[in-house]
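Each chain gets a letter, A, B, C, D, E and F, in the order it is written, and its residues are counted from 1.
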Amino acid sequence: MSHALTPLSALLVSQMVEAALAEDWGRSGDVTAQAVIPANAKAEAIIRAREPGVVAGLDFAACAFTAAQSGLSMQRFKEDGARIEAGDDIAKISGPAQALLASERVALNFLGHLSGVASQTAKLVDLVAHTSARICDTRKTTPGLRAAEKYAVRAGGGVNHRFGLDDAILIKDNHIAVAGSVSAALHAAQQAAGHMLSIEIEVDTLEQLEEALAAGGKIILLDNMTPDSLRQAVEINQGRAILEASGRVNSDTVVAISETGVDFISVGAITHSAPVLDFGLDIDVKA
Amino acid sequence: MSHALTPLSALLVSQMVEAALAEDWGRSGDVTAQAVIPANAKAEAIIRAREPGVVAGLDFAACAFTAAQSGLSMQRFKEDGARIEAGDDIAKISGPAQALLASERVALNFLGHLSGVASQTAKLVDLVAHTSARICDTRKTTPGLRAAEKYAVRAGGGVNHRFGLDDAILIKDNHIAVAGSVSAALHAAQQAAGHMLSIEIEVDTLEQLEEALAAGGKIILLDNMTPDSLRQAVEINQGRAILEASGRVNSDTVVAISETGVDFISVGAITHSAPVLDFGLDIDVKA
Amino acid sequence: MSHALTPLSALLVSQMVEAALAEDWGRSGDVTAQAVIPANAKAEAIIRAREPGVVAGLDFAACAFTAAQSGLSMQRFKEDGARIEAGDDIAKISGPAQALLASERVALNFLGHLSGVASQTAKLVDLVAHTSARICDTRKTTPGLRAAEKYAVRAGGGVNHRFGLDDAILIKDNHIAVAGSVSAALHAAQQAAGHMLSIEIEVDTLEQLEEALAAGGKIILLDNMTPDSLRQAVEINQGRAILEASGRVNSDTVVAISETGVDFISVGAITHSAPVLDFGLDIDVKA
Amino acid sequence: MSHALTPLSALLVSQMVEAALAEDWGRSGDVTAQAVIPANAKAEAIIRAREPGVVAGLDFAACAFTAAQSGLSMQRFKEDGARIEAGDDIAKISGPAQALLASERVALNFLGHLSGVASQTAKLVDLVAHTSARICDTRKTTPGLRAAEKYAVRAGGGVNHRFGLDDAILIKDNHIAVAGSVSAALHAAQQAAGHMLSIEIEVDTLEQLEEALAAGGKIILLDNMTPDSLRQAVEINQGRAILEASGRVNSDTVVAISETGVDFISVGAITHSAPVLDFGLDIDVKA
Amino acid sequence: MSHALTPLSALLVSQMVEAALAEDWGRSGDVTAQAVIPANAKAEAIIRAREPGVVAGLDFAACAFTAAQSGLSMQRFKEDGARIEAGDDIAKISGPAQALLASERVALNFLGHLSGVASQTAKLVDLVAHTSARICDTRKTTPGLRAAEKYAVRAGGGVNHRFGLDDAILIKDNHIAVAGSVSAALHAAQQAAGHMLSIEIEVDTLEQLEEALAAGGKIILLDNMTPDSLRQAVEINQGRAILEASGRVNSDTVVAISETGVDFISVGAITHSAPVLDFGLDIDVKA
Amino acid sequence: MSHALTPLSALLVSQMVEAALAEDWGRSGDVTAQAVIPANAKAEAIIRAREPGVVAGLDFAACAFTAAQSGLSMQRFKEDGARIEAGDDIAKISGPAQALLASERVALNFLGHLSGVASQTAKLVDLVAHTSARICDTRKTTPGLRAAEKYAVRAGGGVNHRFGLDDAILIKDNHIAVAGSVSAALHAAQQAAGHMLSIEIEVDTLEQLEEALAAGGKIILLDNMTPDSLRQAVEINQGRAILEASGRVNSDTVVAISETGVDFISVGAITHSAPVLDFGLDIDVKA
């Protein structure tokens, strides 16, 4: 990536991590470590990648280990957004053994999930790197984790689509049906929106595309079109609007789509169906 | 499943759904629908499966549609835990069009994610149905969604392992290393735990298994053993302890593992790496 | 207003109102009414305007009266966004007298504050109605009430600028100073932003304006310029970018600014310094 | 002020400030600074008054800048309650430039609003300084900010009336109407209240005042009376009860009211209609 | 009681009850009922007193049973504040058996605890009924339950002292020591407080009492004095100030204290050490 | 105790303490200290036991004193679980006098309540120390304080029963009645539960005990049985199941119950009816 990775706000990270710790610790914390590990035992642990990918979520892991006055510290060997190989050391954690064991799973759950999203994103980003198309996400995210997953998309080299229903207008088929036409829907949106609110409209056909362009559409979503249709759309557009392609995008189809000349390709699967990236934690406890 | 599905508490469901709606609605709600759809427009919508699987999450979808005094109602054609086919109608939602569009994505995000978990679980459950082994989950869940994902595992025919660090003891290799031996760790745990707290101990070798059995271990986790070793473990055990197998379980390996005679097989992938099950929402708006 | 008023999400309204009720009710509620008014007394009350303006906040008032299973109901005679005169009846509330008295102040505090914002906005909107300029708000809002105040700006006929630091880019003098130049700052922002994130850049001089236009700036904030400079800016722009004027805007200066041809005029005072609009509540209690 | 200013609890300050930061930072924080300002850039900034008044809210500003492990520090040149002139330096903030820019608006929104309340209060306090009357506030506060605004009233030299419906009894016209008479209402309240709960009763006429005094009223609110009536009330009272005047109090009317001999004058406008006090932030960024 | 019982705000009750249900239901609710009781089984249950006392907490019980859309309803046979005998039927609950069993313990925990507080209060209230002394509470309450326990004190016929550190001033020995004298401390408080904030001062000797009276003290706490000293204090006071006795008050000592002529007797034990009042729930399930 | 005391998670402690401080500080904090104690006054205080018992809750006290950046520090002379005598010094707190006075009551309320629970537990533990029976708690806890009270039970030498309805199955008479028989209920539970969820069944007669044993019951609750019946139950059991006795257990009855050979004795009174243990705070303020 040629630009710096926009970090998540520390407030958001600590809220999510504290909620996850509460979820895992329940009402009496790590009863196993408390029963078996002496309170004064120290430990060191290395987080190590077990497969190649892109790392994301180190702030979450660090927060999980250092929350609740744990006495732990974490040293990073990689930064979010870095390409990693199986076997790479990612971070070292040192401090009280009980605290380390109590936070291990939450830290790895965040790190694995977000690195999974970043890695799936990066795969598609790499596949389209020879074109001007950029990979972006959708609102098809895991409930409660949207800001984190969208951050991971950025870590993987993708860009973010809108965050929610409130920060941009996206007119879809149902809206058009009610409004009566592409241009009627677009005009209603243009009239309601202030100058800082982006407006995108989804079209299913090249006729709709022409109507959207005529009505002053500046961002147009081409839904479920074949590469041939997309190529025609790019030609019709003549650079007037930003064009985004969506629908059934995966590693088999993304190259052909990207080569049509569209500007953005949005993919739900990078957030809603990314398998975790596998990390291990090798712990050395000194009783 | 021969027994009823244990539902999630309505309090938990509404908390998770309201948080997800807040995440999606942000600071001004669905600006698109508000700009384009008349406030008094009504709509009907059908949630339809686009691929076969097991449905889970209908309480979440219903809650998303009916929250915030939306005026919407939802009628179910399937119940959680049901096997469904592509094209099956799952539920019908009726009421104000703006409200329906504002909740659609959150409802589908929950339904897709949880049905994904249920379906992945069911695949493994089906593969081992000819044995007495049961599929169970782990603490490798998506942060913030553990209770929901564990519910989805039950919907898919699996059973739940412990929910967190607090509701059962699970002694692992690091604990054993600090305690000095399998039996020392087990004794420490037995002494600390009350009579309602289950104790499981992880062993890596058959020697450790024998030591655990001799020390009165009642639930034993056989980690990363080959089917041959598992079979030997079952023989050594002679029905004394409950045996759970774990480590790199997937659809290729699960049958062989299940046929060794172990009682439970725990799988992280059913919660941390399940792709969504695909549902569509066909909306008919009457302006 | 020619388009419908975008409402606030019911979730947000009830959260804000319940927090305000908790703030006013403290630890034992309305001890006066409980001591003096019989529990079974009924009451009717009319909310009446004491000065002309634009009403905003009826959802908040209704929520304050009907929260906490109060048994109250509220009938509206006006809708948010309506122009009202002194003496106009706005709404009627009926039900248990204790509950009505307990919610009166919170309801009026919201209604007065938000109608105050709407009315200040409408004053400026009226003053510039003969031009194409539109009045918009800023991030200079009362802490905790931004979404509500921005809603009131819409009720007053204004449009909303960005909601926070996250939903649009606004490059100011400090950013430009660090980046080295208007064009350097703009390029950095264009590279970082996805296609749905609007980018605005603030310029202080006509030279900066030309640089911004040359660098592809699409939304440009003209800060603290005289009407003469603004008029020159409009000429230079030739319709290429959206132009927003800001700085010391008030009822004395806004007309001259609006007649320069700028598209938007942003005003902090409509949210941060609007006096309340005065409403009275005439209560008729039947013991 | 001859006595120290009672501070707000640090818990309340940090809760309000974190909520305001969350409101402004939304789901991805300050995207502008992150895109344009290098992560390692440092900055220094001076908060400077742009108009004379009384400062209030420095704890809020300090908390906004130092929250979320920002790495920023703030040095104060003034303390809350101080009279300031246009051009006065109020505080200096130093640290990471991105963090400083991300917190600037929230810090100034609190400081401007609370200093506005303090300054409006001080204006009235100054006008009545030659009398024994003291200026106090009401429950007509901005929703969610009551504790902060009442703190600002103290900073401006005023005193606080009750905080909510629960911490003192205030019998008004509606209560009296239901109870049947001033004395009936007062007796009901005296019987219900413990010895630590203050009781005030509102009267509209001198006859009601005499009835209230006869019934043992210790704090009496004289609502909407002319200076002449207030003077008569003071004479009738003969020092028996504490007398508070209220109703349409502003800088034109307050002197005459204060010279009648009443003890307290309550004013809603100092909290509900105070314009912000204007502060600027001059930032010097070192990339 | 000659006056109506001031109820707790419904907002507070539902917040406390939902927190307690969440505490009891944890992450998967009532797994026993879900495993053993059919989902469509109905039940009726009677809450019955197992010992005599004063009932308090029926709003909490009702809320526990009807929360989370349980489908349950509760009919009351007694109201809070009523004297009850062993064997008395208190309320009947009807509806889904699973829901009834899931809420039973939380409902009874509130009812037992709050009725315990009310009953302990009533015992002391009865013992001093032949005098003008009234029993009041302290801030020695169970963390998190102060508003509820103070409500239960009222249900038992007691009156409430201040609710917290913020709603009244209570000057104790440490404050006096720092201020230098009783009168210095009192003057500092009188100067800082507005007219609605009550001021009480604690004295240990009759000399201090005289000093407090001379300094205009209106509410005086006589700490740990013998009945003889209290009687002298009453004589010295001559009705000028309200007198409150405190220190080691219990059923053995309270009569003698009350007969000295003091106005209030404050007792920590009625809130911090009240044993529960025992209630049973007889359930009749119809599968 | 021969094993270490399992601590409460620091997250839980700080949540409970901050809620209790908010409850006590209300909307403007400690107005007395702020009015009377100079802001720069320092103080030292000793927490001293006023009666013998077992201390529990020092983490809560420390958190109350050091929360909200108070500047206070606390040094411990005892640890939770220690037997203490009247007059023992427990801890010393040093720092700003205002902060110390503001936190004193909350710290002592926690310490007194939890030490009360620990001490009541320890009394019973001591009484049965000559047998193999162990004292355990129930779900009859104070709403909102279950985790803290169960911790205090451990500090007193007891063990914890299940924490809520979700972390173990406990089949009672109503469940058995609906299921049709002891064995039917047990089989339903065994089928529904995973291998980590303990199942206990309550029996009222020796016939039910035999049925439960025959059905594979591993943990059996003997409810309200006489010592004679309990002894017979132990004989019938022959070590097959863990036996728990419950019902009307107190210091008069517990010895006889413990000598019957049962493994556990559960007691509601140690949590729901424990009087506080009395502590004093001797403060030395240096103005």
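To be clear about the criterion, a residue touches a chain if its C-beta (ideal position, glycine included) is under 8 Å from a C-beta of that chain, and two chains touch if they have at least 3 such contacts.
In this text, all values refer to a predicted model and were calculated from it rather than measured experimentally.
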A correct list of chains touching both chain E and chain F reads A, B, C, D
The pair out of B-C and A-E sharing more C-beta contacts is B-C
Relative to chain B, largest Cα-centroid distance belongs to chain D
Distance in whole angstrom between the CA centres of chain A and chain D is 44
So, in whole Å, the Cα centroid of chain B is separated from that of chain D by 52
Listed in rising order, chain B residues that touch 2 or more other chains are 3-4, 6, 23, 25-29, 31, 34-35, 38, 102, 146-147, 160, 163-164, 166-168, 188, 191-193, 197
Contact graph of the chains (line, ring, star, complete, other): complete
Residue set of chain D touching chain C in the complex reads 16-17, 19-20, 23-38, 41, 43, 97, 101-102, 105-106, 108-110, 112-113, 116, 139-147, 163-172, 174-175, 177-179, 185, 188-189, 191-193, 197, 269, 272-273, 275-276, 283, 285, 287
The residues of chain A that touch chain C in their complex are 2-4, 6, 134, 136, 159-163, 166-168, 188, 191-198, 200, 219, 242, 244, 263-264
Residue positions on chain E within touch of chain A in the complex are 23, 26-27
Touching chain A in the complex, chain D uses residues 18, 21-22, 25-29, 31, 34-35, 38-39, 67-70
As the complex stands, chain B meets chain E at residues 3-4, 6-12, 14, 146-147, 150-151, 160, 163-164, 167
